[in-house]
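I'd like to ask you about the structure that follows.
Order of writing sets the labels: A, B, C, D and E. Residues in every chain begin at 1.
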Amino acid sequence: MVPLSYYLVLSGILFACGVTGFLIKRNIITIFMSIELMLNGVNLSFVAFAAHWQQLSGQVFVFFVMVVAAAEAAVGLAIIIAVFRTRETLNIDQVNLLKL
Amino acid sequence: MTPNLHLWLIPILPLIGAAINGLLGKRFSRRLVAAVALAFCGAAFGMALWIAAQFSSLTLPHVEVVTSWLRSGTFTIDYAFSLDQLSLVMLLVVTGVGFLIHIYSVGYMWEEGGYYRFFSYLNLFMFFMLTLVLASNYLLMFVGWEGVGLASYLLIGFFFLRDSAAAAGKKAFIVNRIGDFGFLIALFLIIQHFGSLDFQKVFAAVKPYAAETSGAGFLTAIALLLLLGACGKSAQIPLYVWLPDAMEGPTPVSALIHAATMVTAGVYMVSRSHVIFERAPVALMVVAIIGTLTAFFAATIGIAQTDIKKVLAYSTISQLGYMFMACGVAAFSAGIFHLMTHAFFKGLLFLAAGSVIHAVGGEQDMRKMGGLRKHIPWTFWTMTIATLAIAGIPPFAGFFSKDEILWRAYQVSWIYWLVGVITAFLTSFYMFRLLFMTFFGEYRGAAGAEHGHEEHAGHGTHLGRDDSRAGVPAPHGHGHGGIHESPAIMLVPLVILAILSLGGGWIGIPGSLGGGNHFDKFLGPVFRTSTPAINSEHAQPGEAAPPEQQTEGTEPQTGHGTELMFTGISVAAGLLGLFLAWVLYGRPTDLPDRIAASIHGLYSAVVNKYWIDELYASIFVKPLIAISGVIFWRGIDQGIIDATLNGSASGARELSDELRHMQSGNVRSYAGWVAIGAFAVIVYMVWVGLHAS
Amino acid sequence: MNWLDNNILSFVTFVPAVGAALLLFFPRRNRDVRVFSLVISLLTFVISLHLPAHFNRNLPGFQFDKNVPWIPTPNIHYHMGIDGISMWLVVLTTFLTPLCVLISWKSIHERVKEFFILLLVLETAMIGVFVSLDLFLFYFFWEATLIPMALLIGMYGHGRRVYAAIKFFLYTMIASVFMLAAILWLYANTTPHTFDFVAIQNAIRDGQIANLAGAARWLFLGFFIAFAVKVPLFPFHTWLPDAHVEAPTAGSVLLAGVLLKLGTYGMLRFDLGLFPEQSRSNAYWIVILALIGIVYGALVAMVQPNMKKLIAYSSISHLGFVVLGIFSFTQAGLNGAMFVMLAHGVSTGALFMLAGIIYERRHTYEIAEFGGLATPMPTYSTFFLFIVLASVGLPLLNGFIGEFLVLSGAFQAKMWWGIVGATGVIWSACYLLWMYQRVFFGKVKHEENNSLLDLNLRERVALWPAAVVALVMGVAPLLWLNAIDPAVHNALAPFTQVASKVVGQ
Amino acid sequence: MMALDTMQTLPHAADYIRILPEIVLSLFGLLIMFLDPVMDERSSQRKLGGIALVGAIAALAATLYQAQPNFWGLGFWEMVRVDAFSVFFHFVVAAAVILVILSSYEYMEVQQIRAGEYYGLILFGAVGMDLMSSAVELVLIFIALEISSISTYVLAGFRRRSAISSESSIKYFLLGSFATAFFLYGVALMFGATGSTSIVQISSALAQYAGTGHGPLLAYLGVALMFVGLGFKVAAAPFHVWTPDVYEGAPSPVVGFMSTAPKAAVFAVLLRIMFETQAPGRIWLIWVAAALSMSIGNIAALVQDNVKRLLAYSSIAHAGYLLVAIASLPADGIPAAMFYTASYAAMNIGAFAVVGHFAGAGERYVTVEDYSGLGRRSPALAAILTVFLLSLIGIPITGGFFAKFYVFSAALQGNHPLIGLVIIGVLNSAIAAYYYLRVIVVMYMREPREDAPVAPIPAGLGLALGLSLAVTIYLGILPGRVLEYAGRSVDLLR
Amino acid sequence: MFHLVLFSVFGAICVAGAVNLLVQRHPINSALSLVVVMGSLAVEFLLLGAEFVAAIQVIVYAGAVMVLFVFVIMLLNAGAEERTRGSHVAYLLGIPGVVAGTIIVCWALLTRSHAGSASIGALPGHPKEIAQLLFHQFLLPFEVTSILVLIAIMGAVVLAARTDSAQTRKED
């Protein structure tokens, strides 16, 4: 028997790691991965809550999240490629023509 | 049931003339212009005479309401004209003298550009002056009051190419405005206390009040404020400064406006409101003091002036001082009497002076004249008469009026009398000085005629239009050479006025000289009905005060003997002045210069009119302009207010500049902002949540 | 009420707008545009004359009332109506506009079409402000006056026109949002929600507005600030000189002639009308500001080197009289205030026209550039003198009546108000006559001035009406006052009660 | 009814009508996808644009058909609800799509953009937005949100030759999905707090939670995180930072699109979540966000020289005004907000259409200075832009005026009027006048700059401008009917 | 007990992977550690009984998506990220904010989310029931996802497709 809150905390930590990654990583792809990490964290809490409420809809939600994540990945990576084409860099700090 | 005299026509007629000349005159020939002007002015005069003719049949005061002018709530002002003895006298004087001067001007101004302008202004003046005289309420009077000021502004500035003339006109208007300020406040006080400006109503309301012997109440306030107005208009201390400058105007203007009529408006107004003044002893005293001071003060200045018109100007101020003195001692009829005679002889003096100036080609400096009596005899003789009159030599008009005033002044305080006598002496001195310097000795201004051209070198700018020479005084006597008598059309008025200044005083011969003092009696109804009750308890409005309380016309306890003695003294003073003038200026001598040298400081003070103009300039005008310019405009307006605005604007821009640095362009910092925002939101919501549960 | 009386106000208001709309489809040929807009503005004037002609001077309250629902939510009505106060302001507007068209005949060279479109739109907006009795409608027109005016200044002005335009726009805009807030508050707190002026007035009088007590003060100020800036009252006045100096002649004429009156009209109608008690309690400092404005404006005007700036400051001084009169809460004062508004509209409008005329010839307003103009331009100088005298307040000309009434009213309210105000009589003479002397008297100082042409026919046609009206207003003020007086009496009605209340406390 | 729905295995016919606009849009999207390859590259743009236009109009028609009350109600097992509220937003979205398609009609050629995907993405994105406004189930909301987001990510990067375009795309994408994650986490917590993802049940659950401890805290957290996500999407401070960069880089018509339609949809979601679930503790949250957005947006815009950036900041500010409405009482706040979205859509799309047209190939002329003397070079364009700008300022007889007006009057309703917020708002709208005015001033009061040529207004753009102009003016003169319609949806959301 | 052990072990692996993702400087390492995270998450799902979810977690996520990532990394042969000066906002404000926020949230989750405890397979999510839901109640979302995928495809095609003149530089 494990308190569900442990699962929730775990998910929270994962989410936090994702956010941190977004903040500190420079490589666009890695940043994108951090986002995926956040989503995973969210998924965990969905499943946990589903278990708590005995509601399958939580798990279904996770399913949809995964689909979305996949779609995002496709688009996101395409965008990354496009950026790389015009900039020849993956360092987010150098993608700053637009400012002020 | 009194007949409808259509009083309103009297002012309107000259107005029509003014309108015609002003709008169309440009296309008229000079004759036509003159004809129009004379016609309408004459018509007014004729009407005045006609009214005078049937005056006895009127129930006085005779009021005619034309229509209502303005209304605000219950407070209304009508176009209402009233006629009583006082206004009749003024009416005759104004129209009569005015008409004469119109005639005179036809000749005098013949050479000037802007002929039509001149006459339209002149008629305009008549309009306003007559409104002032005939008005039946203070506001309508104020209309005339301001209007004459306007007319004098226009006429003083008639030679507008001369900066001095333009400046003088402005000065006159503004100084008058200062007086009018007082007048306005007085009106407001009257409205506040009596709810009306109608003479009859106001006076009726005032009558019950007792004289404010102890301290000063609102009546005193009203009186003093009215006095301020009067001082402005009648050139009394401290507001007299505009009148000497006003001599920049054409001479007939000086004669009409700045001697005969307009400047006496103050006296008229004070006498008109005598009901109020009589109840404000303090104010009366102030009037008397101002009058006395002015009379003396101006006379002293008059001594040293060399410009013939300036001398006359100061003498006018001085004579007006006499009139104020009269009013101040509640001898209103005497004041009006002097007003009338003064109108005659001073008008004459100016016209004569004009004729002199005309003769010597625009020269006004007496030092450049002399020995003119053989060239222009008519002018000489008429001017002599006028001089005798103003000097108070019997039996000329001035004698009687001035004597009356002095006598009445004495009864109030011997100081007034003393100063008055001294002034009389000074008056005759400088007047004869003028006479001698001008007409006796040798002609000193050989180049005068030529001199005239440069004097007002205004005609550098000829544009060949009608108005081209408007505003430049024509160099008189240019064309026909040298010194010459004026044309008949100018001499006729001189003669008529000479007769009047000779005999004009006879209608007011005091009893002490075996006369009946008809003038005083004539005006009696106006001035006698109203002496204040000792205490307001047992005095109802409109009730005539019992005879023994009357200050007017009561024969003083001192008998004829003393009165004759005083008369003698004043005459003597006049003669003394004549003699002294003869000694100093009658024949060529350097005595005057030596005297001047010996009392140099005093002399230069007098010559420079005690530097009053400079004083005013340095304590009022300059500081005001400086403050407005430096402190208000540059300082407050631009320095503070605008600066603050622009400052706040630029402040916003800087803030904005700071804000845009949020946009570092770096995604991670954006994410940072989002994270911070999220953090804040979370904290807040958790806080709320904890409090909610 | 027949059909015409029902809709006359709508006609007066929107005829110029329609004209502007038609102008859009005009070819860019200047002459037709000018003629057409002249016709339109004259037409408007003629129509507007219907108002005084059929105005019933005996019954107080609003006439030619037109009240139809416009927007259901919020409950906004197309509610128009005039009383003796607003009627004459409407006529003033319609009277000045044709003159503006005439005066801009030649001085506008390019983008003529746009100019006249803006002018006509502006006219509609201004009239709308005066006739609308629905707070919303009022605000609507109030804001609508900003754009055309700002564009007129910015597009056709001189020198620093952009700065002036923006300053004008922001200044008035920022001020009027406070009024908007106040209006919204009133709307939200009246039950049933309404913008109707009369309804709200009654609601306030009968104390039917929720928690008004606390808010009234702020509402009053909200309205007041907007009006004070428009007037402009002393500390808020600095936009005016800039706007005037840069504005084209027509712009200045309408700005001084009408736009400033929007402010004073607003004070009269809304501050006094809605918040009598607050007006009372705030009157003191407001009057002090007004007095400062009178003296300060005059003194600053005296030292202006620029003719137009001088006139601008003189309007500040004159409008000070208006505010003084309004917040004296006396019959005379309010009558006078109204009359000064009208008189100032005519005479200052004419002054700006005259300034514009000389600008067309010399392209400068610097007084130092002139001098001795009376010689080359006698007629011009005569007109100028006449108008100057009118605004100096010479009796029998329009300026005097108003000032006299205002001052006597103020004097009754508080003696020293009247006294300080009356000094204005002196000041105005000082700065105007001095300016006149420097411009017209003396010898011609600059050669180029010798060849100046005197007024041409068009300019005379533009000036004569102003001059005549200035005279008639002075000689027969009753023509105006007998309509104004009852309205003012009406407006003052609450103050008697307030006074008693004040005494009661 | 619900029970019945869950029993039966196939949805009603009515259910399909309840998603009719979405269906129409998707079909046309597919059609475009199929046709795109078979047409030749050059001539395809106009044809496809035409088809897309037809599709959008059809969607509009579908919305109108759907609008009849007998179709209202829940559909697809409580997934969507059609009511005045959602219909209104469907309408706004469809209209926006029409305008955008028209305004990008020629823009495509000028910028050489692949038309097929462009129109397809717009149509599919519109599907997402429509669903957002009608969905009552967080799952569906989430997916719809993603659809509209992803399509806009891609659209933002559509000027592929331009580095800034792709940059704006990547920034938008990264930050967008970042925010989505927050939203999702919020949803998770909400689910955790109530055990359901259906808004209907959530609200009932929260209702019965009232008082009893524990549960709500999660709910609060959920609301908080959802607000972060949605606030980001509507560019509300402090989640607005992405807006200027993205708007500057993205193609102008797209900016016009994504600053209006998705925003409207997200606001619909916000309204639903905030009001329908009676989201606890929302008022001050939104109060602060609104104040910040208005102030930051307007003040930061003061010194912007790039028109697109300037309009970006202005859109931040406008999001702030909208939030004011959401902070106030539902009865007046909801209609005000809805009206605001509508009028804002009209004027903003119009403005960006002008900007896009004027910017020329490669969006070269986008600084304020470039607009010098536009009033002379192209009076029509200048005049139209002026109207839009005036409307953005909030000057009478334009929709913008009434929009602000309703919002502020809504905020002043009730016993606790948000006076402070209103004061901040009106002051802001006054400040805002400055920078909009700057553009007008430059257009009319500066000498023309010849180096920035102005192409004559083409037909499509002209039509778009005319339409949005008409709408702006109409809303400025007769806002009554629209507002009244929006008003109907109030009780449905409470 | 056994449950707790499994949870803690895989939870630890999860966190470790997540942290490793952060510290690794080469994207490929990060990607691999992310795979680890996902794998262990799948186990956690299983522990909660969500078999179906766990399965697609492995297949779709760890399989498809991550492969895509790796592929792109290879395609752009992204090297180790170089140290460029980052943003102060992110470090000075972001990180502390995140930490604090996490603490608050975790605290809230631990104390206030009275979610009970779960035994192994707390909520068996058999594909059957999931499918029931998906094709009834969640039919609409399910269908809509197809549009989502469509968009994704289109977007990918548009953006990733070589432009005719790919070598053009940035225009501004």
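Criterion: a residue touches a chain if its C-beta (ideal position, glycine included) is under 8 Å from a C-beta of that chain, and two chains touch if they have at least 3 such contacts.
Computed from a prediction, not measured in an experiment: that's the story for all the values here.
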Which number of steps is the smallest that gets you from chain A over to chain B via touching chains?
-> 1
Could you tell me which chains are in contact with chain C and with chain D alike?
-> B
Comparing A-E with D-E, the one with more C-beta contacts is A-E
Taking all protein C-alpha atoms shown, work out their mean, then name the chain whose own C-alpha mean is nearest to it.
-> C
Per mean C-alpha coordinates, the chain lying farthest from chain A is B
Geometric centre distance via CA averages, chain E-chain B, whole Å = 102
CA centroid of chain C to CA centroid of chain E, Å | 69
Distance from the mean Cα position of chain D to that of chain B, given in whole angstrom = 79
Separation of mean Cα positions, chain D and chain A [Å, integer] = 25
Overlap residues in chain E, where contacts from two or more other chains coincide = 86-87, 90-91, 94, 98, 101, 105, 108-109, 113, 115, 137-138, 141, 145, 148, 151-152, 155, 157-159, 163, 169-170, 172
Expected list for chain B, residues touching two or more other chains, is 660, 663-669, 671-673, 675-676, 678, 682, 686
What parts of chain A, by residue number, touch at least two of the other chains?
-> 8, 15, 18-19, 22-24, 26, 31-32, 48-50, 52, 55, 57, 60, 64, 68, 71-72, 75, 79-80, 82, 85-87, 92-93, 95-99
What chain pairs are in touch here?
-> A-B, A-D, A-E, B-C, B-D, B-E, C-D, D-E
Residue positions on chain D within touch of chain B in the complex are 170-171, 174-175, 178-179, 182, 212-214, 216-217, 219-221, 223-225, 227-228, 231-232, 237-239, 241-242, 244-245, 280-281, 284-285, 296, 299-304, 431
Spell out the part of chain E that touches chain B in their complex, as residue ranges.
-> 86-91, 93-94, 97-98, 100-101, 104-105, 108
Where on chain A does chain B make contact in their complex?
-> 19, 22-24, 26, 31, 92-93, 95-100
Which of the residues in chain C come into contact with chain B in the complex?
-> 167, 235, 238, 296, 299-300, 302-304, 331-332, 335-336, 372, 374-376, 378, 389, 394-396, 400-401, 404-405, 407-408, 411-412, 418-419, 422-423, 425-426, 429-430, 433-434, 437, 440-444, 450, 476-478, 481-482, 485, 489
Can you list the chain B residues touching chain D in their complex?
-> 652-653, 655-657, 659-660, 662-663, 665, 667, 669-671, 673-674, 676-678, 680-682, 684-686, 688-690, 692-693
